[in-house]
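In this document, chain identifiers A, B, C and D correspond to the written order of the chains, with residue numbering beginning at 1 in each.
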Amino acid sequence: MAIIGFIGLGTMGAPMARNLLSAGHELRVFDVSAEACAMLASEGATATENAIEAAEGAEFAITMLPNDTIVSGVMLGEEGLIEQLSARPLLIDCSTISPDTTRRIAHAAADKGFGIIDAPVSGGPTGAAEGTLSFMVGGSETDFARAEPVLKNMGRLIVHAGDNGAGQVAKLCNNMTAAVVMAATAEALALGISQGLDPEKLSSIMANSSAGSFVLNRWNPWPGVMPDTPASRDYAGGFQLGLMLKDLNLAVANARDAGASVPFGALAQSMYMMQAGRAQDAVRADFSSIQKLFTRPA
Amino acid sequence: MAIIGFIGLGTMGAPMARNLLSAGHELRVFDVSAEACAMLASEGATATENAIEAAEGAEFAITMLPNDTIVSGVMLGEEGLIEQLSARPLLIDCSTISPDTTRRIAHAAADKGFGIIDAPVSGGPTGAAEGTLSFMVGGSETDFARAEPVLKNMGRLIVHAGDNGAGQVAKLCNNMTAAVVMAATAEALALGISQGLDPEKLSSIMANSSAGSFVLNRWNPWPGVMPDTPASRDYAGGFQLGLMLKDLNLAVANARDAGASVPFGALAQSMYMMQAGRAQDAVRADFSSIQKLFTRPA
Amino acid sequence: MAIIGFIGLGTMGAPMARNLLSAGHELRVFDVSAEACAMLASEGATATENAIEAAEGAEFAITMLPNDTIVSGVMLGEEGLIEQLSARPLLIDCSTISPDTTRRIAHAAADKGFGIIDAPVSGGPTGAAEGTLSFMVGGSETDFARAEPVLKNMGRLIVHAGDNGAGQVAKLCNNMTAAVVMAATAEALALGISQGLDPEKLSSIMANSSAGSFVLNRWNPWPGVMPDTPASRDYAGGFQLGLMLKDLNLAVANARDAGASVPFGALAQSMYMMQAGRAQDAVRADFSSIQKLFTRPA
Amino acid sequence: MAIIGFIGLGTMGAPMARNLLSAGHELRVFDVSAEACAMLASEGATATENAIEAAEGAEFAITMLPNDTIVSGVMLGEEGLIEQLSARPLLIDCSTISPDTTRRIAHAAADKGFGIIDAPVSGGPTGAAEGTLSFMVGGSETDFARAEPVLKNMGRLIVHAGDNGAGQVAKLCNNMTAAVVMAATAEALALGISQGLDPEKLSSIMANSSAGSFVLNRWNPWPGVMPDTPASRDYAGGFQLGLMLKDLNLAVANARDAGASVPFGALAQSMYMMQAGRAQDAVRADFSSIQKLFTRPA
């Protein structure tokens, strides 16, 4: 078992840390919310005063933070982990941030002799709680091999996507595509159903033909077609539209930085943004609620 | 076994007619190409001089024709089947045409006491030859039940989508979605691979996550990822981009007629059209060649 | 002065016919609405029983009709003008229909020795009433020259765009562009104003820079920026969104037939369609009401 | 006359500085290129060793720099102007950067007692050389009034758009719209001309109707229609496509930050990016070369 520093105990980070505790690791945790720290401490972790204290002397320092600015703040600069730590834990950043920022941090880390991987996840709070997350990992073979057993304590599928940044790129490519598939499926269902087709029948025909997809076959956006989808409980639960929009924003920005043209991803960004602006709570509904943009008022 | 009139012996119609012959039906065939008629006659069908002669006295009259104008010409007007036939075969239109035209023909047929279904197919020339087509059927329960055994001689999956026109609508919804999924998958692969990710690894990550789809998992557009896809043989074979564009055109026109907004389908129409215009033979390549639009010259 | 058959006395046709009467021409009118005929008859025209009676013996036969099907019905087939008329008036079609239909009619007309031009208009009911319409004309130099004096009685700007169909093409190119410019201007205004910029100041800056356009400088879509625009009277009057959508539909269909990729026109079609579906009366508002699609609820 | 620190002597900055010299101001210049400094020094400016030295003791400190990172580096942080200067020149940032960065810098400046405005320009190198630039200014009334006379020495139109950041927002709204208008105009011209219409005639019809715009009427993208446009000299000169793409990138990012949906701007970003990737030098051509994306090979 290892000593692990864990920084960021939000909706995702807290249950991930909990699974590491359950696996028998020694955990030193930090979060800007003292309450979050206290909660984990009550379950067996050691609460610390800041990120450096959490990571100092650990074998692994895991970060699970909300955005580029916060990750950069923890990692870089005079006050960052890379400058301040006297030992060299393997840095594992599970945050979803831009590949450019990830690469910049990786260079800085390498300069100081740190091993580092990016390991963004998919699976959401449920996956985090159940320890069934997928990790898409960017970094060297060596660092991947070293991290894999620890990641296994929090997830089921651990894939090595390539060099530093490749984990982020893979996640953004995946989520951008899923966002487009969802929106395209929703507009097609609306088109067919508006002409009298039965939602279940149409879904079933498409699911068994060339329009079949994870989205259509498992996450159908039309209410009532599948009993257990967010669509069938007024789009509650699932993967929030606001989070999908965050990933689309990162993906389109990544395409811009890479000089790639992504007209479908860019259209998806615009359409999810439009749906996000239509009602107060629209960002908190599951992303399959993009269906509403294509459904005419009765 | 039944007496069947079969009108339209092209790339799809000829092998479909052949399977009906093999099943033991008595076939009376017609095509504007005398050669096509002669070929089927040499295999046991009876060649006729026109559509009316082919259909007169038959239990089923099957049409497999290229577009709205030709189907309307055969069915409607003073010289059409509906006006001219003295008996009442069940009309089975396997052509892919606009739902509006299909409904107009169905009304005319019903007025004269004909049973009629629309039964567009998916599966391409290979499916037609092997008798493994899928049929998406629009029409009454009674007519569907009557047609089903005959369709089974030509295909594997026979689905009843709804009333007259619903078969066409289901096919267009399916193909429009597949076209978008293909293009979105292609742009995402190009985005990731341009940043150094391995095509197989990225495909595999996405295929096993929320971006998974029939298109990605079975028809991967990146050359070399799957040995048996069109992409891996320079986009030869498969489903021609020009035919997908025809279906997209029908789908967007159908959306217009239905008052539905289909921004993703419309963008796909524009992008496939752009790719179609880039080279002499671009329309004959498999539709996964939309990949080329997103791949920068080396 | 000439004898003129005038077919189609709707919102546009009636005031156009009135201007021909005022100019001293002898008018024989027909419309499916007997009421519309009676109205014009009370102003000096001769009401007739059908299109053929209106056009027989005239020097000019003018049609102003709502769509392809109706224009084709009046012109083509056994019962159409081209087959039935014993004399040969110059056919002037002022309807906005697809260039393909226009060309098909022109071929049929030429086969029978008719001169024919397409002469779709811009300027709306106000322009029709005031005789200030613009006519975009397709046809031969000779036919254009012959028609010009008559068109001058109904409009101010008469342009010869090219061969038969070119008038329709020019109108569709113009209106498709105007629709995109309006929508793009609206989204930019919404973007700036949502960040605190003053609507008038932002409009003025853009109007005097590279974003300037007829649309921005004369038809500003933001309420209150210009006192006399539809936007400043809750989008009443102006050019109905439903009519712009009809033109966009024709333009996108024309692009499809011409093998041209029009991603911006296609996106505009989708966005105006989306706005059209958002409220009961949305299609009757001025097309600058596309602004509403980009304005977030307060 | 005033003492002015001028930082950034590139394609735009050098001629702007030159105009300030001509107006009689005392100039202290800095650029990372010693050569650029030496050039200005030979014309009467005082070369300095760094930005702080250039700005210290001046009444105005003008920056004209390529991107957010460089402007932030010069302004913010321990080593930045805001922290290091002992006196308080009015800070005038003429760079085009993101409104968010501009606002962040403005807050930092205000905290330390600096006056500051953002004053991005339009008009390009020619406008810079001739002193005919337009300045879109964000900042307080007082700071605007103080800066105006100095800006007048470099430009003709000086507009006050609103608070800090409003200059950037106005410029991005303008350029995003211009980019869409150009692309939409280009696709419409290609559509019409592919059907036989004369480029000049079609342009003239649209220019005098609702499709008229600065872009169409002054910057026509079709070669040969206007003698003096970039299109008529193989797209040389003008406003580089790569620079328009930079502005589109900033505009779409600004929309993302503002929570605004900009489907047309986003599509433009994708289409200009696609054109940028089609050839080695595509980014250096005038942005009207987006025409090439819509023109089919002969």
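The working rule: a residue touches a chain if its C-beta (ideal position, glycine included) is under 8 Å from a C-beta of that chain, and two chains touch if they have at least 3 such contacts.
Chain identities (UniProt): A, B, C, D = 3-hydroxyisobutyrate dehydrogenase.
The structure presented is a predicted model; accordingly, all values stated were derived computationally and were not measured.
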Other chains in touch with both chain A and chain D: B, C
Higher-contact pair (C-beta pairs counted), A-C versus B-C: B-C
Whole-Å gap separating chain C and chain D, where each centre is the average of the chain's CA atoms: 39
Cα-centroid distance, chain A relative to chain C, in whole angstrom: 51
Between chain C and chain B, distance of the C-alpha-averaged centres to the nearest whole Å: 36
Multi-chain contact sites of chain D, meaning residues that touch two or more partners: 255, 259-263, 267, 271, 274, 277, 296
For the chain B and chain C complex, residues of the former touching the latter: 249, 252-253, 255-256, 259-263, 266-267, 269-271, 273-274, 276-277
Residues of chain D defined as touching chain C within the complex: 99, 122, 134, 136, 157, 159-163, 165-166, 169-170, 172-178, 180-181, 183-185, 187-192, 194-198, 201-202, 204-206, 208-216, 219, 251, 254-255, 258-265, 267-268, 271, 294, 296
Interface residues, chain A side, partner chain C - complex: 263, 267, 274, 277-279, 293, 296-297
